[in-house]
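So, here's a batch of structures to check.
Both complexes shown next keep subunit A, but they swap its partner, so subunit B is in the first and subunit C is in the second.
Now for the complex of A and B:
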């Protein structure tokens, strides 16, 4: 399954997904082509219901595509999942409310059969990384939405995956919290060098974070344009003040409008 | 920490809501109780009602204190029988619900059966139980078990049937069956199991006392009430009723405390 020119972090070729339903079938994805280099950060942006989450679910082996092929580090999604190649961050924090922050973060390690001291050690490091080391004994309900999502990121990182699949993780947060978490994510990504696929419907978020923005149209969901973001890394709060940043935001917005006009 | 998402209505109006103040919660029922007892006492005294018909509260109270040790013993036995029945019925029902969840037709079939048993006056089964177990404590336990199991099955099966994004999480981390059960499915069903217990436990006490009344072990509340009533010891019967009430309240408090402990993470139990 290895790609010809070295191994890509993520690859989709000719991916289609048709959902069968009573009110007529829905073609959620059609002919999706996407390549993300190892260590790259790609955002997928599109209107609600365009199938961008479906694409992420296909990469994370939560659903089967109807047509086409996907690979994660050169493996099929199922193989990659079994090999713990990727971690998933969901739309909601998706923490288990009956478990403390610490035990939420150790869950993937527990599944892997890692011994308890190592589990706790790793969870501590991950929570340190997301700045929540002092909240290990708290329960999820005692944390704000932004903090909960940071715990979810720590959990996804606990198995040290080389790929992170993030499904609109900051979509439910207010803009100030979102901006702060974007900065956090940049800092974390800088220390990890993981491949990230990031689903969002925020243009500024997509431009700020990514090295590549994939613009999707809806019904059928397909990638209509790939925009390279050549803003320098590491990105920080000054990045948002750069004129190039605004030019790229405008470019992505135009591409989104074109994508919706085409249908 | 925010209370905006907390479940349950709260009076946020400027008006002071006496009925919901801690003092009001205790004070109003207590006042009610005192007034009721006073009327009862006066009615018996002034109306010259015979003690065999309806003893005055003061008379019942004196007897209750006098026989307290005996009554505690009886209540303890009744409580143990009920507890055994609840435990047995719950374990069977929860295990069954856990096993058939996912097998739709079997689950539906058992739910229908549960509804039928719930509609049945369980006491009618007592003669059948005595055929199996004789007039023993075991028959009482079996009765409680039969009464509790369908309730617990209905609640547990509802708890197991729930799905959430957590299922995706479990799949994404390749969790095995055992982890999925212990880390997700069982805790997710726990609020339903606790709700089931809040319904089933008071019912269990009732079933136990009625079953004891028809027969069963000698030193229990139900058997005591029957024996004393045949001897026209009305005061003794009433003092046993008081003890039965106390047992019911105690058990209710116990379940509430368990609920609060096990579901302290649950949204509806958050402190505002």
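Now for the complex of A and C:
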């Protein structure tokens, strides 16, 4: 995608995070270096508890790193949050059950004080984009898990962020639904020009979606390898049948094994 | 683009499952519940009569239900219809209960939010609230009457005191159980504490708050009646209970009538809260008013 020189979409340099706990301190992250170009799609993959969600939380200004620096579009996470530079998609859809689909999507704009007609129109557009235009009046509990996560994506897009931080958004879904939503995400990303940081523990998902895969080891959580995925965009279901796709899947798997052997 | 596979409408419809129950079904289940309630009432009456028959208890201790009901049509010493006399006293108690319930709810919501928001404050205050609640209201009611007189103020203070607790606990617990992810979500949009309270915490806690309110509604009626019991009060169900008690030897049916009136008032209060919950919570109330 648009790979402009200049400010990076996301940047982490020397990021470490230590959690204090009763059973001894936990070094969740150590010396994490990561650069994502504006408009780039980077996946972070690693075993459970390797600190990949911690990294995303640090980017989204939900926790302070103990050491190092992070930037989003050249700004600090706190500044970027204030400037609504990024949207977050959480592990669970995290929808408010008493609100309809439409009003879940208008939520961020409501918090920001956008007037009612504008936020409803924006929500309609976003729900159209994720293919849920006919479900605006439903409540979250009337939707399947995959649909709920799509509402969450629409909500994250409603503020028109240039960066999307996604924390294992499809982790709880079955593989068929996940594949389908991966295609959806590729389509949506094709129409926007957002920078995406995508946390996952699925190798095929990481390879299929991203232009760069960051492999993480656990305890301490650090990025052990960066793998460039030079499969052509736009990607579709044929991409998964390409031999290069399989080679890359194998490469990421080996990198993961090496990462876990090293510790 | 591969719009064929990712065509939105196609992928959506087969993922969708409808769980809404049609309105007609709701109506009939409500009618059913009313019928069951009436049936249970009839059974309770039958058991009363059966117990009276088996034990051979006299009319002075256990009057026949139909005799008691007939008493509602009798005339008081002030030449007033007895039912009308009861209604006036129910109204007096209801006013005190309602004021106490409203004040107690307002205080309870505020305290509940403060407890949930401030851990230190909450940990310190919660045991005090629980301890204060354990003080038997019947024991301090006479003292309150001495301090504040027999008027509406005493009634209000006692009902407020009783309704405050369940609302406080329900609000605090409800807000404390908001998932961290939801807090994170609002934080990423820079929501202020007030916005987060309005948009997330209160709506999330609402079902639990209504449970607390239901308990509070029942307590408020009991509280008002207890406040009327000490001598010196001149109207309300508590006063009627006390006089009916004194004249029980002469006319036992009066006490049973005022007991029924108290039950009815309590039921009206609780059902009103449930009705409010039904409208406020929408689909989350599951349509259960009764």
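A few comments on the model shown:
Methods note: the second predicted complex is superposed on the first by the 258 of 263 C-alpha atoms of A that agree within 3 Å, B and C clash if a C-alpha of one lies under 4 Å from a C-alpha of the other, contacts with A are read in each partner's own complex, and residues count from 1 in each chain.
Keep this in mind: a contact is a pair of C-beta atoms (placed from the backbone, for glycine too) under 8 Å apart; a residue touches a chain by one contact, two chains touch by 3 or more.
As the structure is a computational prediction, the values presented were derived from the model and not from experiment.
When the two complexes are overlaid on subunit A, subunit B and subunit C occupy overlapping space and clash.
Judged by the touch definition given at the top, the superposed model places A:234 against subunit C, while subunit B stays out of reach.
When the two complexes are overlaid on their common chain A, residue A:110 makes contact with subunit B and with subunit C alike. The partner that reaches more residues of subunit A, of the two candidates subunit B and subunit C, is C. Of the two partner chains, subunit C is the only one touched by A:190; subunit B is not. Applying the stated contact rule after C-alpha superposition, one finds that A:67 touches neither subunit B nor subunit C.
Judged by the touch definition given at the top, the superposed model places A:118 against neither subunit B nor subunit C. Contacts of A:134 after superposition on the shared chain: subunit C is touched, whereas subunit B is not. Applying the stated contact rule after C-alpha superposition, one finds that A:48 touches neither subunit B nor subunit C.
Residue overlap on subunit A between the subunit B contacts of one complex and the subunit C contacts of the other covers 57, 60-62, 81-82, 84, 87-88, 90-92, 94, 96-98, 107-108, 110-111, 139, 141-142, 144, 159. For subunit B in complex with subunit A, the residues that touch the partner chain are 1, 165-166, 168-169, 171-176, 179, 183-184, 187, 190, 264-267, 270. Listed in rising order, the residues of subunit A touching subunit B in the complex are 57, 60-62, 81-82, 84, 87-88, 90-92, 94, 96-99, 107-108, 110-111, 139-142, 144, 159.
Listed in rising order, the residues of subunit A touching subunit C in the complex are 57, 60-62, 81-82, 84, 86-88, 90-92, 94, 96-98, 107-108, 110-112, 130-135, 139, 141-144, 146-147, 159, 177, 180, 183-184, 187, 190, 234, 236-238. Residues of subunit C that touch subunit A in their complex: 1-3, 5-9, 11-12, 15-20, 179, 181-182, 184-191, 195, 199-200, 203-204, 206, 281-284.
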